[in-house]
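Okay, so subunit A shows up in both of these, paired with subunit B first and subunit C after.
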Partner chain A sequence: MTLLDFARGPALQWSLVVLVLGVAWRLLGILLLKRKPDYSEPRSHTSPAMGAVRTVFTRMWPRKEFQARTAYGSALGYVFHFGLAIVVFLFVPHILFIRDLTGLSWGGLPSGVIYATGVVTLIALIAALIRRFTHPVLRLLSNFDDYFSWIVTTAPVVSGLMAVAHLGARYETLLALHILSVELLFVWFPFGKLMHAILFAVSRGTTGALLTRKGAAT
Partner chain B sequence: MSPADINTEHPLETKGPRFGIKKPKARYDKQGEIPDSERVEIAMRSFVRDFGAHVATYMESCIHCGMCAEACHYYVQTGDPRYTPIWKLEPFKQAYKREMSPFAFFYRMLGLKHKVTVEELEEWQELIYDSCTMCGRCTLICPMGIDIAALVSQARHGMFQAGLVPHELWAVAERAEREGSPLGATPKVFKDRIEWLADDHEVEIPVDKEKADVLISMSSIEIMKYPESIVATAKVLNALGENWTIRLDGYEATNFGLLSGNAQWQKDMSMKIVNAAVKCGAKLLILPECGHAYGALRWQGANLYGQPLPFKVMHISEYLAENLNSGKLKVKKVASSVTFHDPCQISRRGGATQAGRDVLKALGVELREMKPTGDLNWCCGGGGGVVTIHRADDLRYKVFEIKMKQVNDTGAEILAMSCSNCRQTFDDGQAHFKWDKTANSLLEMVADNLVEG
Partner chain C sequence: MPDNTTLGEKLAQQGISRRSFLKFCATMASLMAMPPTMAAEMAEKLAKVRRQSVIWLSFQECTGCTESITRSHSPTIESLMFNAISLDYHHTLQAAAGTAAEAAREQAMKENEGKYLVVVDGSIPMKDGGIYSTIAGVSNHDMLVETAKGAAAIISVGTCASYGGIPKANPNPTGAVPVSAIIKDKPIINVPGCPPIGPVMTGVIAHFLTLGTIPDLDEFGRPKVFFGDTIHDRCYRRPFYDQGKFAKSFDDEGARNGWCLFEVGCKGPTTHNACATVKWNGGVSFPIESGHGCLGCSEPDFWDKGSFYKPLSTGEWGGGAVLGAAVAAGAVIGVGAALAARKRQDKTSGGK
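This part shows the complex of A and B:
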């Protein structure tokens, strides 16, 4: 079995098993905990469920009162999140890979656009890391999870760019390393902060529902 | 430490411009004589007991983006990263991950999260109490929507159980539980004050009516420091022809059980008012100009009661707004410019942001809003029990500078608010900085300008 076969075969299967089971375990471990009933008389006519959904969207961008102080961090976050989404979901080989896995497919963007997006994403990720190292608040808050999650997020971007540029090794080897780096991300996903890709909706929704009941700003 | 010891070692200062206890010597305060290891166990047990789906969701969701720091007056004014709101919960996050999270076994087995130590809890005492008013600005900036203010409130439960509360706050809460008021406004003192005020101002103040439609509660800050509020409340309710009463078995709306973190005391304090309202068959409970009293009863009261309350609960500013908007209450126009300070627990955390503005509109003033205002207004720095903690004074004055700038920038002639705790914080700040702005009660502005008949 070549490294590429291993990456495409058992490594992929097992990483997906860890991903699915891990996500389910962590999510259920939170969602199945007890919830106390709220007997207070709601002020708002908007249902808490509506408030929850609305808050999932409204928290995508800081309120204008906070924008001046958060502009750089928000901009970096936006660039690498959008960049990752474009590269992951709109690069034709990725779409084919997803089609083989799930049967779903859609149109992609020209490769040149994807490469440029990949480079911009990488720059934003590096800037985010530098910010984490240098900003007093981020330096204090950061732990292993933050740095390891950065590594497993950045590794597929770097290995992907190296693979398309045929840089440093045979294409098959680079491709195998690229796939393995994604699988490392799959395996780490349920255990660390990458879970925020799912939890953001639960957390925003929880607060959105609570504050909507009070008729307070969400 | 017994109540007697507390009173001897940290006597309440009731004659000064603000109430509280003279600065204790200890940097980190402890109550009771229990081994440190036990303190930690108790704190963690209490914290774990409080865990539910909400807390777990929040604890799992932080991405360490640090944005909450930018909303916090303590961080903004000092630049000290320790004041980052989510950092104030670090030992509790650690305890959650180690004891309760879905992967707790994993963290314990691999030793990834060490046990919280008493030294950490002592250090965090300042962060949980002295430098957080639970104002909730951080809740509104968090991109993950984590309600950090609510988590701090939960964390205080564990700190209280472990006997790790700042002395002044502990003593004031203990006194409130024991005497029925944190500031000595016992039923007897309150009754005497009411009689004196009723005579002095020639206003009828009904006490202990067996049946009444409206039950009035007061804050001990008002009773002891701003007694005109009692007169103002009476004038408004009499003008509206309400069948109302004050009851000596349930009047104290301040809830130092909530602020200090003693959930049982919080319940005891709230239930006195709830029971008094039930006993007199009140259809409406009016809460005084006190921010946290509103949160304690309007949003938590029914949950402590265990079922929906059989009466409506309104903040006095909501009651005024409703009656002014409907035209039942009439006031003279006030030809002045006014700026309004939003009490965090009433506006941002309570949802009654518009009420104060409706009242000011009825008074016909020129409203000059602060920047930012409403739900995003800055906290005065005295909420969450912080104003009682004397060792936190310097920090509190530092964050109060934001408020002074906000108020000065409006150029308004009058500064109004609907929370006596904010008012006392402003009074203290005014005295400290020799500032030329005096805080005014919204309720008293209405009462002073009532149109009879």
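This part shows the complex of A and C:
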């Protein structure tokens, strides 16, 4: 069995098993937690559910008061999040992978656009890491999870770009490394901070519902 | 008796002009990525070379490799050159049969000890003492070991001889193995393909005749000059891949427009071969040009790499049942974790 066969076969199967098992475990483990009953009078006419949904979206944009201070970090975050979304969901071979898994399919972009987006995404990811290293507060707040999550996010971008450019090794080896790096991401996803891709909605929604009930701005 | 006629003399006898011979050498030098000056040197050396004794062993195979080398270019200069080497044993092509054929092989081995080339097509069955393929009562394994002993080099022609091929495909009922699994002390050149391209086979022989060495090989023992690039990299449909234009089925508009066949399973990106450049049938076309994706037939174990019609970027992930079971297991663990957490919450808050 070649490295590529391993990556496309057993490694893919087991990483997907860990991914879905872990996500189900984390999600149910959080959603089924007991909530404190709130006996106070609601101070708003807006329903907490509406507040929850609204907060999920309103918090995607930095508040005016902090915009000047957070603009650079926010811009980097936007660039690499959108970049990753474009590369992952609009590159035809990736769409075919998703179609094989879920049956869902949509149109893709030309490869050149994807490669350029990949390069921009990589630059933004590196800039985000430098910022994390150099920002005194952010550096203090960062732990292993932050750095490892950065590595498993960046590795597929780097290996993907290397594969399309045939850089450093044979294409099959680079493709295998690219797939293996994605599988490492699958395995780490439920157990590290990458789970924010799902939990951001849960945490923002909870905050939004609580603050709405209290009549506070969300 | 050994034939002492040189290749140049032999070609002259067959009416091949020097111009045609030089043209052939220039083509071969170009195919093998040699500098243009090598064409004249190749012609000079080839003309002086005595007819190379070649023993062709056909084992567990379909004769497609022989078909490819003999039919596809006949009667071009490649096939004449093949006549010009001394093909001392080839049980499909030789006139002799039975003990006379075996005697021809033994005589060639004796007279050209240490100098003859062995060409093998087909894999070698090892299970049950190798009884699944025998020639004149001798197992393929024993005949290979005996013949390889005095060989200068071995050319494994076709994917079966190179990597086991279809006979080795799961569940490999005959215990098929490639030549390289048995012979360890001789230089082996793999020329895989199902079948391999005719000019690639003659090119490898010409390289051995002119330079007396084996060409640079890749990690799978294939000559880099022919197997250095992937089909995808040299494919004329590559621009459509880059533009994101794909045929979704074999009869849709994309297929009619000649768009990339990646979505219908083409294995070109991971297949190293010269099909896209040397092509087939005298350079007429190759499978992708005829509208079918590459099967990856020059790669080891190509038969066991999943469906020919599934895109390369999909994997063998086990199906929905496996993932469904994983979700169920995760849900059970999650509910258990939540119940345990609730108990702790109750303990802390006194049940409120």
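The criterion applied here is as follows: the second predicted complex is superposed on the first by the 218 of 218 C-alpha atoms of A that agree within 3 Å, B and C clash if a C-alpha of one lies under 4 Å from a C-alpha of the other, contacts with A are read in each partner's own complex, and residues count from 1 in each chain.
We take it that a residue touches a chain if its C-beta (ideal position, glycine included) is under 8 Å from a C-beta of that chain, and two chains touch if they have at least 3 such contacts.
Just so we're clear, the structure is a prediction, and the values are computed from it rather than from any experiment.
Colleague: If we overlay the two complexes on their shared chain A, which of subunit B and subunit C does A:Leu175 touch? Say first, second, both or neither.
Modeller: Touch status of A:Leu175: second partner only.
Colleague: Please work out whether A:Leu167 is in contact with subunit B alone, subunit C alone, both, or neither, and reply first, second, both or neither.
Modeller: After superposition on chain A, A:Leu167 lies in contact with neither partner.
Colleague: Taking the superposition on A as described, I'd like to know which of subunit B and subunit C A:Arg63 touches: first, second, both or neither.
Modeller: first
Colleague: What is the contact status of A:Trp25 with respect to subunit B (first) and subunit C (second): first, second, both, or neither?
Modeller: both
Colleague: Could you tell me if A:Ala71 is touching subunit B, subunit C, both of them or neither one (first, second, both, neither)?
Modeller: neither
Colleague: Just to be sure I read the superposition right, which of the two partners does A:Pro110 touch: subunit B = first, subunit C = second, or both, or neither?
Modeller: Second partner only.
Colleague: So, does A:Leu33 touch the first partner subunit B, the second partner subunit C, both, or neither?
Modeller: Touch status of A:Leu33: both partners.
Colleague: Answer with first, second, both or neither: which of subunit B and subunit C does A:Ala85 touch in the superposed model?
Modeller: Touch partners of A:Ala85: none, neither subunit B nor subunit C.
Colleague: After superposing on the shared chain, does subunit C or subunit B touch more subunit A residues?
Modeller: If we count touched residues of subunit A for both partners, the winner is B.
Colleague: Identify the overlap between the subunit B-contacting and the subunit C-contacting residues of subunit A.
Modeller: Common interface on subunit A, subunit B vs subunit C: 25-26, 28-34, 36-37.
Colleague: Which of the residues in subunit B end up touching subunit A in this complex?
Modeller: Within the complex, subunit B touches subunit A at residues 51-54, 56-58, 60-67, 69-71, 75-76, 79, 81-82, 84, 86-87, 101-103, 106, 112, 139-147, 150, 298-303, 305-309, 312-313, 347-353, 372, 374-376.
Colleague: Write out the stretch or stretches of subunit C touching subunit A in their complex.
Modeller: Touching subunit A: residues 219, 230, 233, 241-244, 246, 262-263, 269-270, 300-301, 305-306, 310-318, 322-323, 326-331, 333-335, 337-339, 341-342, 345-346, 349, 352 of subunit C.
Colleague: Give the list of subunit A residues in touch with subunit B in this complex.
Modeller: My answer: residues 25-26, 28-41, 43-44, 55, 59-60, 62-63, 65-66, 69-70, 73, 77, 135-146, 191, 193, 195-196, 199-200, 202-208, 210-211, 214-217.
Colleague: Give the list of subunit A residues in touch with subunit C in this complex.
Modeller: 2, 4-5, 7-9, 12-13, 16-18, 20-34, 36-37, 92-94, 96-97, 99-101, 108-112, 166, 170-172, 175, 179
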